[in-house]
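Once you've had a glance at the structure underneath, I'll fire off some questions.
Letters A, B, C and D mark the chains in the order given here, with residues in each chain numbered from 1 onward.
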Amino acid sequence: MVEVLYFAWVRERIGLPREKVETSAATVAELVEELKAREPRYEAAFADLSALRVALDQDLAEFDAPIEGVREVAFFPPMTGG
Amino acid sequence: MVEVLYFAWVRERIGLPREKVETSAATVAELVEELKAREPRYEAAFADLSALRVALDQDLAEFDAPIEGVREVAFFPPMTGG
Amino acid sequence: MKIAVQADPFDLGVELAGFGAGRADVGAVVSFTGIVRDDTGAMDALELEHYPGMTERAIAKIVEQAVERWSLADVIVIHRHGRLGIGEQIMMVATAARHRAAAFEAAEFLMDYLKSRAPFWKKEHGPEGTSWVAAKDADEDALKRW
Amino acid sequence: MKIAVQADPFDLGVELAGFGAGRADVGAVVSFTGIVRDDTGAMDALELEHYPGMTERAIAKIVEQAVERWSLADVIVIHRHGRLGIGEQIMMVATAARHRAAAFEAAEFLMDYLKSRAPFWKKEHGPEGTSWVAAKDADEDALKRW
């Protein structure tokens, strides 16, 4: 069970800011595939991974990173701070 | 007749901040030669022109610049502002 | 050292008062302030979303790198979130160092990294609706010089 | 636009309050403050001599170049003269521009030029007497990048 967070337009497309997800995925990419298979809104949010960033337990990570032991996975577009 | 100003260690070596100078010099370099001929303290102040800067009527200039029509000639070391 | 992520406005003068003071080895203080700009004349406000928890963590990491690399005597980073009007201050950084080159470079480094590595997202509100600000390739490229 | 050459101290917060404000095209404000440093632990004070008249004129010229080159919305330059204690503020510049790169570059340009082209001379006062601060080749070299 991981906590999955969505920010900015990812949050808007999926329609919620966070949810608990029961998953057997080994990597972020596998988790994304599971989510995309759920509903069209997930499919839409994850259509172009190059437009997305992921953080594992609040550290930026790659989509091929393993998620074993991770408590919090966050998906969001490239940051625009400053 | 030009007003000649000295700043920083040039002022200290010559021993005064400004003076009026009667000159027939055509260029700054000629004026410097006239001053050096006056007394050892001028000789000391102008010993190394590469360590000096000159301004004509408050604009930086070169030592070969003409001084005709100039009212104010200032000699000083390289600036250390900021 | 001060890192703050807040909805409230900040006062640049208050933040900089005494910053870098009381140390004989500080010769240079640089500050940067980001302000909400309206390039199109059709913006009412800017909204900043962030990732509570990760934001502070990401900023702390960036600050730590800057302090080490430029031997900074002190740093301030304040970044706001929420809805901001045109002309309002979005964020500030300040750096205190021995020499001016270090203070300038560290401030630019902090800005470049905050732009692309701190989890903030900007959304423009205008009369015709809202739109998320897209990240610029130039901002990502800016990181390459460090 | 503000240029001041003065013996009195200045208050950075007061100077920056409202600087660049009230314009929708200003997104970035950078400030630099120079502070009297004591590298050797053997300095009591720094004395700044200047060339009244030329100083203001030289600074105005440098500011004019910066405003034009980086399309600055506003600039502040304040430079003190006279005797200053360790930790006292010597001078400040501030720039207001549309983008951060312009604000940073213009502030660095102003600093580089003020260092070597504004008629100020620094003298250190210590227990063993006084000595004029020598200009550094690096400061002259810094101008080459502009």
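As a working rule, a contact is a pair of C-beta atoms (placed from the backbone, for glycine too) under 8 Å apart; a residue touches a chain by one contact, two chains touch by 3 or more.
Chain by chain, the UniProt names read as follows: A, B = Molybdopterin synthase sulfur carrier subunit; C, D = Molybdopterin synthase catalytic subunit.
None of these values were measured; they are calculated from a predicted model.
Path length between subunit B and subunit C in the chain contact graph, taken as the least number of steps between touching chains: 2.
Each chain gets a centre from the mean of its Cα atoms; for subunit A and subunit C, those two points are 26 Å apart. Between the Cα centres of subunit A and subunit D there is a gap of 48 Å.
Per-chain CA centroids place subunit C at a distance of 23 Å from subunit D. Of all residues in subunit D, those that touch two or more other chains are 34, 100, 111. Counting partner chains per residue, subunit A shows two or more touched chains at residues 82. In this structure, the chains touch in the following pairs: A-C, B-D, C-D. Every residue of subunit C that touches subunit D in the complex is listed here, in rising order: 11-14, 16-17, 20-39, 41, 86-87, 98, 100, 103-104, 107-108, 111. Within the complex formed with subunit B, the residues of subunit D that make contact are 34, 48-51, 53-54, 57-58, 79, 90-91, 111, 114-123, 132-135, 139-140. Looking at the complex, you find that subunit A touches subunit C at residues 5, 7-9, 11, 55, 58-60, 74, 76-82.
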